[in-house]
Structures are given as structure tokens and as C-alpha cells.
Amino acid sequence: MENPEFIAVASIIIAGLTIAIGSLGPALGEARAVAQALAAIAQQPDESVTITRTLFVGLAMIESTAIYCFVVTMILIFANPFWEHAVAQAGG
Amino acid sequence: MENPEFIAVASIIIAGLTIAIGSLGPALGEARAVAQALAAIAQQPDESVTITRTLFVGLAMIESTAIYCFVVTMILIFANPFWEHAVAQAGG
Amino acid sequence: MENPEFIAVASIIIAGLTIAIGSLGPALGEARAVAQALAAIAQQPDESVTITRTLFVGLAMIESTAIYCFVVTMILIFANPFWEHAVAQAGG
Amino acid sequence: MENPEFIAVASIIIAGLTIAIGSLGPALGEARAVAQALAAIAQQPDESVTITRTLFVGLAMIESTAIYCFVVTMILIFANPFWEHAVAQAGG
Amino acid sequence: MENPEFIAVASIIIAGLTIAIGSLGPALGEARAVAQALAAIAQQPDESVTITRTLFVGLAMIESTAIYCFVVTMILIFANPFWEHAVAQAGG
Amino acid sequence: MENPEFIAVASIIIAGLTIAIGSLGPALGEARAVAQALAAIAQQPDESVTITRTLFVGLAMIESTAIYCFVVTMILIFANPFWEHAVAQAGG
Amino acid sequence: MENPEFIAVASIIIAGLTIAIGSLGPALGEARAVAQALAAIAQQPDESVTITRTLFVGLAMIESTAIYCFVVTMILIFANPFWEHAVAQAGG
Amino acid sequence: MENPEFIAVASIIIAGLTIAIGSLGPALGEARAVAQALAAIAQQPDESVTITRTLFVGLAMIESTAIYCFVVTMILIFANPFWEHAVAQAGG
Amino acid sequence: MENPEFIAVASIIIAGLTIAIGSLGPALGEARAVAQALAAIAQQPDESVTITRTLFVGLAMIESTAIYCFVVTMILIFANPFWEHAVAQAGG
Amino acid sequence: MENPEFIAVASIIIAGLTIAIGSLGPALGEARAVAQALAAIAQQPDESVTITRTLFVGLAMIESTAIYCFVVTMILIFANPFWEHAVAQAGG
Amino acid sequence: MENPEFIAVASIIIAGLTIAIGSLGPALGEARAVAQALAAIAQQPDESVTITRTLFVGLAMIESTAIYCFVVTMILIFANPFWEHAVAQAGG
Amino acid sequence: MENPEFIAVASIIIAGLTIAIGSLGPALGEARAVAQALAAIAQQPDESVTITRTLFVGLAMIESTAIYCFVVTMILIFANPFWEHAVAQAGG
Amino acid sequence: MENPEFIAVASIIIAGLTIAIGSLGPALGEARAVAQALAAIAQQPDESVTITRTLFVGLAMIESTAIYCFVVTMILIFANPFWEHAVAQAGG
Amino acid sequence: MENPEFIAVASIIIAGLTIAIGSLGPALGEARAVAQALAAIAQQPDESVTITRTLFVGLAMIESTAIYCFVVTMILIFANPFWEHAVAQAGG
């Protein structure tokens, strides 16, 4: 393996793009859910407890996809098995 | 096989893109389902039990596609058969 | 065949993209079906049994396209005939 | 024919993209049909038999385009005449 | 003709893309027609016979464009005149 | 003319793309016309004869653009003057 | 002129793309006009003669742009002045 | 000028693309004008003469942009000053 | 200046693209203005004179942007100062 | 400066693209303003003088951005300081 | 600095693209503001003075972004510090 | 590792793109939530306390995705493990 | 540093693109705000003072993003630290 | 590190693109919030104090994403750790 910096470069590029692209969907999705929750409260104030509870469950589900992306980003930066292999091989 | 780092680079790039692109659809889809559930509860509070149950079944189905992507991402990073073959061959 | 790693690289790249792109359609489609089902229940609570049954049949049909993509992804990673041919040839 | 792996690489890339792109249309299309069927049942419960029958015919037609893509994907992976020719020539 | 595998590679790539792209239009189009048919039945149940007949004629017309793409895909894989010429020349 | 396979490759690529891209417009267009015809029948059942006749004329016009693409595809595969010139020159 | 096949390749590529891209607009446009005509007939059956006549004039105008593309495609395949010049020069 | 075929190739490519892209706008535009004219006739049958006259003036204006593209296409194929210069120079 | 055909190639490519892209906006824009004029006449027949006059002023303004593109196209083909400089230099 | 034709090529390419892209916005924008003016006249014929005056001020503002693009195009073709510098240097 | 024409080429390309892209936003934006002003006048003729005044302030703000782009374009063509440095260095 | 500046270049490029792309989703999402909150307050002023509280929870969730991107950007610029490895190796 | 003109070229390209892209958002955004303000004045003339004041605060916020882009453009052209370093190094 | 200008070029390119892309979202988002606030004031003038307060909190949240991008841009231009390392190394 003569060019280990290719692995570093690829990890940096993908770490950033993963969280950047991966935050688009959850940000827009949560906004949609919150906006609809506000409209629902304005329309049916008596059900605000049920609406808020359903909203929080939904936000947790949507946020989970952002968490997946953040976890992969952190793995690529701080616990990248390919980089560790390259460093170990270079040091061996 | 003279350039095993190509396999590492490809695995890193695709691992990130898979979960990044794969989280767009579920995030937006779950947001749509949650938003409609909130609107349905505001319109028909008496059916909130049926609505919530149907919502959860739907969220599970939609989340399943995000899970597929996360599983493939994890396989590519931690259990990649092509990388293991390359490492075994290099060490053999 | 002098460069078998090209086959590995192509398999990795396409395995990820297949499930990533292939999960967009089902995720958005299932969300649409679920959202409409919730609206239908809110509008016609008495038909919730018929609605739920039709919804599940539809979700199964839509999920089937995600399954096709997942199957192809698994074949490319774990049962790839081109890779097996290359490995067999290299070992022969 | 000096580079038979090009045929393998092309087959892998296109096998994945075919089913990935080819599942977008049917997934979204079936979702639209199912969503409209649910709305129709909610609006006209007495016609649910006719609606369901027409829906199933339509789903079959839409699914057929996904089947075309899946068949081509399988042919490219497991019954690829160009690859067989290359293997036969290499073995001859 | 020194590089006949270029013809094989091009045939594989285009065979997949043709059916993949070519299934998008018919899938979405048939879904639109089916969805409108369901809405029409719900609105005017007495005309369900006329609606169903017109729907089937329309589905046949739309499916025809998918059939064109499938035929071209099959020709490119199994009855490709350029490939046969290359094979004949190589064997001659 | 030293590289006649370039002509074969270009013909294969364009033959597939022409029918693939060319089927998008007619498929979506015919679907729109059929959907509107169904809505018109549901709204004005007494005019179903006039509506059906106008629909068929329109479908014929729209299908004609798909036919143009199919004809060009067939010419490029089976009656390609550039390829015939190249073959004749090579054989001459 | 040492590479006449470049002219052949360019002619093939553009002949297909011209009719493929050029059929998108007319197909969608004619569908829009036909759909609106059907809606107009359903709304005002007594004016169906005037509507049909105006529709046919409009379809002819829209089809004319598809005809332009088809004519250019045929010229590029069967009456290409650049190709004829190259062939004449090669034969001279 | 050592590579006159570059001029021929560029002329072929642009001739096709000009009429292909240039027919999209007029086709969609004329369809919009015709569709609105049909809706206007259905809404106000007594003004059909004024509507038809205004429609024809508008179609002529819109068609003029398609004519511009067709003229440029014909100039590039049959009266291309750059190509004539190259041919004259080659023959001089 | 050793490669004057680059100037010719660039002029050809841009001449076509300018009028092709430049005709999209005016075609769609004029169609919108004409469609709205038809709707306005149908809604307020008594003001058809004022509407028609305002429409013609607007069409002239919109057409002016298409004229700009056509003028630049003609300059690039028939009165191109860069090409004349290159020809003069080559002949000097 | 050894390659002055690069400056000529860049000037030609950008001159055309500037006016082509720059005419899209004004053409669509003026069409929107004109269409709304026609709708306003149809809705409030008594205010046609105020509407027309405001429309003309708006059209002048929108046309100004097209004029900017046309001016830059003319400068690049006929008064290009970089090209004059290159010609002067070549002749000095 | 051995290739000063790169600076000239880059300045030409960006000067044109800046004003071309930069005129899209203001043209569409001003059209939206003008269209809404016309609708507001038609709806509330008595407030035409306030509406016109607010419109002019808004148009000035929107036009300011087009002015920014025009200023940068002029600086790049006629007062480009990088080009002046290159010319001074070449002449020194 | 012979080219450590590749790591620096990749870090700079991705640091900027991550926060640039990553701010699109939250900015648009928060705007949607705020806009809906304002509409809800205008519709149901008595519930402004509940609406504001739900809005703030939602904004915090949406802002969290922007924070993820900002954190990754800062890590890539100021605490980049790949760059530190390269610097340490170069200094060792 | 052997190629300082790369820095100049990059500065020119990005200076133009920054203000060009950066003016799209503010131009469209300010247009939306102004258009809504005009609609609000037409709907509620008595609140025109409050509406105008809120509009001006909003326009200032939106314009601030255009100012950011203009400042960065000016820094890149007239106060570029990288270019000054390169010039100082070349002159030292 | 033999090519330090690559770092300078990358910093310049990304500094501009970051603020350019990063200003799109906030500009459009703030416009949406302001527009909705104006509509809310016009609909419910008595709540203008609550609406204005909520609007300002929302604008601050949205503007924060633009600030993130501006901060990263300034860091890349004036406090770039990679550039300082390169300069220090070159001067050492």
C-alpha cells in the first residue's frame, strides 16, 4: 500500500458530505412535522397533549436518521478501520 | 492485486454516501406520515388510537429502508468480504 | 485478468448505491400511502378495517421493490459470480 | 479480448443501477394508486369491491415494469451471454 | 476490430439503462391513469364499465412504450447484430 | 477508417437511449390524456362517445412521437448506413 | 481528413438524441392540449365542434416541432453533406 | 488548419441539439396557449372568434422562436461558412 | 495562432446553443402571456381591445430577448471579428 | 502570450452564453408581469391606466437586466480589452 | 508568471457568467413584485399610492443585487488588478 | 506519505462544503416552522404560549442538525486526526 | 511557489461566482417579502405603517446575506492575503 | 510539501462557495418567515406584538446558519491553520 493518504483524503471528504447531505432530510422533515403540529394545535387546542406526544415520537424517529449519519461520520474520522490498518502497516 | 487501497477508498466513499442518500427518503417520508397523523388527530380526535397504531406500523415500514442502508454501511466498514480477501492475500 | 480489484471496487460501489437509491422510492411511496390511509381513517372511521387491509396489501407491493434492491445488494457483496470467478482464477 | 474484467465490471454496475433506478417509478406509482384507492374507499365505501379489483389490476400492470428491470438484472448477473463468451474464449 | 469487448460493454450498459429509464415513464403514467380511474369510479359508480374499458385501452397504450424498451433491451443482449459481426469476424 | 467498432458502440448506446428517453414523454402524456378522459366521463357520462373519439385521436398523435423514436432505434440497429459503409469498406 | 469515423459517430449520436429530446416537448404538449379539450367537451358539450377544430389546429402546430426534429434526424442519417464529403474525399 | 473534421463534427452535434432543445419551449408553450384557448371557448362560447384570432397571433409569435432554431440548424448543415472556408482551403 | 479551427468550432457550438437556450424563455413566456390574455378575454369580453393592446406590447418586450439571442447568433456565424482576424492573419 | 486564440475562444463562448442565459430571466419575468397585468385589467377595468403605467415601469426595470447582459456580450465581441491587448502584442 | 492569458480567459469567462447568472434572480424577483403590485392595485385601487411607493422601494432593493453583479463584471473587464499586475510584470 | 498537502486541501474543501450544504436544510426548515407558528398565532391567539413552546422545541431539534455540521467543520479544520498524523510523521 | 497565476485565476473565478450565486437568494427572497407586503397592504390598508416597518427590518436581514457575499468578493479581488503573499514572495 | 499554492487555491475557492451557497438558505428562509409575518399582521393586527417578537426569534435562529458560513469563510481566508503551517514550513 503505497499511497495511504488516499484513504485519509477519502475519509475526510466522505465524513463531511455524509453529515452535510444527511442533515438535509431530517431538517426539512422535522420542520414539516413541527409545522403541522403547530397547525394542529391552532385548529384543535384541546388535543394539544396528544398532538405533542405524537410529535415527539415522530421527531425521535426522524432524528434517528440524522444520528445514523453522525455516527458514520464519527467512525470515519476517529475509528476508521481502513486508516488504522494503513497506519499499522506503515509502522510495522 | 497491487492496489488494495482502492478497495478501502471505495468502501469509505460508498459507506458514507449510502447512509447519507439512504436517510433522505425515510426522513422525508416519516415526516409526511407524522404530519398527516397530526392533522388526522386534530380532525378526528376520537380515532386517535387507531391513527396512532396505523402510524406506528407505517413508521416501522419506512424506517426499514433506512435500516437496510445502515446495515449495508456497517457491512462495508466492518465486515467487508473484499477487504478481508485483500488483507488475507497481502498477509499470506 | 490482471486487475481483479476493479471487480471488487465496482461491487462495493454499486452495492451501496443500489440500496441507497433503491430506498428512496419505497420510503417516499410508503409514506404517501400511510399518510393517505390516516386521512381516510379520519374521514371515514367506520371503514378503518377495509382501509387498513388495503393499506397493508399496498405496503407489501411497494416494499417488494425495496426487497429487490436489497437482494441485489446482498448478491453483489456475498454471492458475486464475477468475483468468485476472479478469485478461483487467481487461485487456480 | 484482452480485458474480460471490463465486461464483469460493466455487468455489476448496470445490474445494480437497473434495479435501483427501475424501482423508483413502480414504488412511487404504486403508492399513488394505493393512496387514491384509500381515498376512494373513504369517499364511496359501497364500491370498495370494484375499487379493490381495479386497484389490483393496476398494481399488476405497474409492478410489471419493476419485474422487467429485475429480470434484466438477473440476466446480467447470472446468464450474461457476453460474460459466458469471454469465459469460454479464455478457457478455450 | 481489435477491441470487441467495447461492443459487449456498451451493450450491457445500454441494455440495463434502457429498461431502467424506460420503466419510469410507464410506471408513473399507469399509476396516474389507475388513480384517476379509481377516483372516477368513486365519483360515478354507475359508469364503472365504461371507465374500466377506457382505462384498459389507455393502460395498453402506455404499456406499449415499456414494451418498446424491453424489446430493444432483449435485442441488445440476445440478438445484437454488432456483437454477432464481431464474433463472426473474430472466428473467421 | 481504422476503428469501425466506434460506430458500433455509438449505434448501440444511442439506440437504447433514444427509445428510453423517447418513451418518457409519450408515456406521461398518454397517461395525462387518459386520466382526463376518465374524469370527463365521470363528469359527463352522456358525452362518452365524443370523449372517447377525441381521446383516441389524441393518443394516436402522442404515440406518433414514440413511433418516431422506435423507427430511429430500429434504423440504427438494423439499417445503419454508416455501419454498412464501414463493413463494406473493411470487406472490400 | 484522417478520421472520417468521427463524423459517422457524431451523426449517429446526434440523430438519436435529436428525435429523443425533440419528442419530449410535443408529447407532453399534445397531451396537455388533448386533456384540456376533453375537459372542455365535458364542460360545454354543445361547443364540441369548435373545440375539436381548435384542438386539431393546435395539434398540427405542436406536431410541427416534432416534424422539424424528425427531418433533421433523417438528414443526419441519410443525407448528411459532411459524411458525403468525407466519403467522396476518401474515394477520390 | 489540419483537422477540418472537427468543424464537421461540431456542426453536426450543434445542428441536432439546436432544433432538439429549441423545440421544447415552443411545443410546451403552444400547448399551453391552445389549452387555455379551449378552456376559454368552453367558458365563453360567444367570444370564440376573438379568442381564436388572439390564439393564432400568439401561436405565430411562439412558433417564430422554433423557426429561428430551424433556420440556424439549416444554416449549420447546408450553408456553413466555416465549413466552406475549410473545404475551399483544402481544395486550394 | 496555430489552431484557427478552434475559433470556428467554438463559434458553431455557441451559435447553436445561444438560439436554442435563448428561445426557451421567450417561447414559454409568450405562451404564458397569450394564455392569460385568452383567459382575460373570456372573463371580460368588453375589455378585449385594451387586453389585446397590452398583450401586443408585452409580446414585443418578450420577443426582444429572443431577438437579442438571434442577433448574437448571426454575428457569430456571419460577422465574427475573431474569425475574420484569424482568416486575415492566415492569408497575410 | 503564446496562445491568443484561447482568448478569442473564451470570448465567443461566453458572449453567447451570457445573452442566452441572461434572456431566460427577463423573458419569464416580463411574461409574468404582463400576464398579471392582463388579469388585473380583466378584474378592474376602471384602473387600466394605473395598471398599464405600473406595468411599464416594471417592464423597464426587468428589461434592464437583459440590457446588462447584452452590453456585456457586445463588449466581449467588439470591445474586448484582453483581445486588443493580445492583438497589439502580437503586432508589436 | 508564464501564462498570463489564463488570467484573461478566466476574467472573460467569469465576467459573462456573473452578469448572466446574476440577472436571473433580480429579473424573476422584480417580476414577482410587479405582478403582486398589479394584483394589489386591482384589488384595492384606493391604496395605489402606498402600493406604488412600497413597490419602488422593493424594486430598488432587488435591483441592488443586479448592480452588485454588474459592478463586479465591470471590475473584472476594465479594472482587473490581477491582469494589470500581469501586464505590468510582462512590460517591466 | 509524499503529498500531505492533499489532506490539507481535502480538509479545506470539505470543511466549507459541509457547513454550506448543511445550513440549507436547517435554514429552510426553521423558516417553515417559524412561518407556520406565525400563522398559528394569527389564527388562534389564545394558544400562543403552547405554540411558542412547541416551536422552540422544534427549532432546537432542527438546529441540532446544523450543529452537527458545524462540529464536523470545526473538527476538520482545528482537530483533524489525519492532518496531525501527517504533520507528526513529517516532523518525526 | 512556481505558479502564482493559479491564485489569481481562482480569485477571479470565485469572486464572480460568489456574488452571482449569492445574489440569487436575496433577490428572490426580497421579492417574496415585498410581494407579500403589497398583498398585506391591499388586504389591511389601516396597518400599512406596521407592515412597512416589519418589511424594512426583514429586507435588511435578507440584504445582509447579499452583503456578506459582496464583502467576500471585494476581499478576494482587492485584499486577497494569498495573492499578496505570492506577490511579496515573487518580489522578495 | 512542494505545492503550497494548492492550499491557497482551495481556500479561495471554498471561501467563496461557502458564503455563496450558505446565503441561499437563510435568504429564502428569512423571506418566507417575513412574508408569513406580514400576512399574519394583516390577518390579526391586534397580535402584532406577539407576531413581531416570534418573528425576531425565528430570524435570529435562521441568520445563525448564515453566520456559521461567514465565520468559516473568514477562518479560511484570514486564520487558515493549513496555510499558516505551509508558510511556516516554507520560511523555516
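Observations, loosely collected:
For reference, chains read A, B, C, D, E, F, G, H, I, J, K, L, M and N in written order, and residue numbers begin at 1 within each chain.
Operating definition for what follows: a residue touches a chain if its C-beta (ideal position, glycine included) is under 8 Å from a C-beta of that chain, and two chains touch if they have at least 3 such contacts.
This is a predicted model, so every value here is computed, not measured.
Counting only chains that touch, the fewest steps needed to get from chain B to chain J is 6. The best fit of Cα atoms from chain D onto chain N calls for a rotation angle of 130°, in steps of 5. The centroid of the Cα atoms in chain E and the matching centroid in chain F are 11 Å apart.
Here the CA centre of chain D is 38 Å from the CA centre of chain L. A separation of 21 Å divides the Cα centre of chain L from that of chain M. Shared contact sites, meaning residues of chain I that touch two or more other chains, fall at 4, 11, 13, 15, 17, 19-21, 24-26, 28, 30-33, 35-37, 39, 41, 43, 55, 59, 66, 69, 73. Judged by the touch criterion defined above, the protein chains form a single closed ring in which each chain touches exactly two others. From chain D, proceeding by way of chain E and on round the ring, the chains are encountered as D, E, F, G, H, I, J, K, M, N, L, A, B, C. Residues 1-4, 6-7, 10-11, 13-15, 17-22, 24-26, 28-33, 35-37, 39-41, 43-44, 46-47, 50-51, 54-55, 57-59, 61-62, 64-66, 68-69, 72-73, 75-76, 80-82, 85-86 of chain B touch chain C in their complex.
Interface residues of chain F, counted against chain E in their complex, comprise 4-5, 8-9, 11-13, 15-17, 19-21, 23-28, 30-39, 41-43, 45, 48, 52, 55, 59, 63, 66, 69-70, 73, 77-78, 83, 87.
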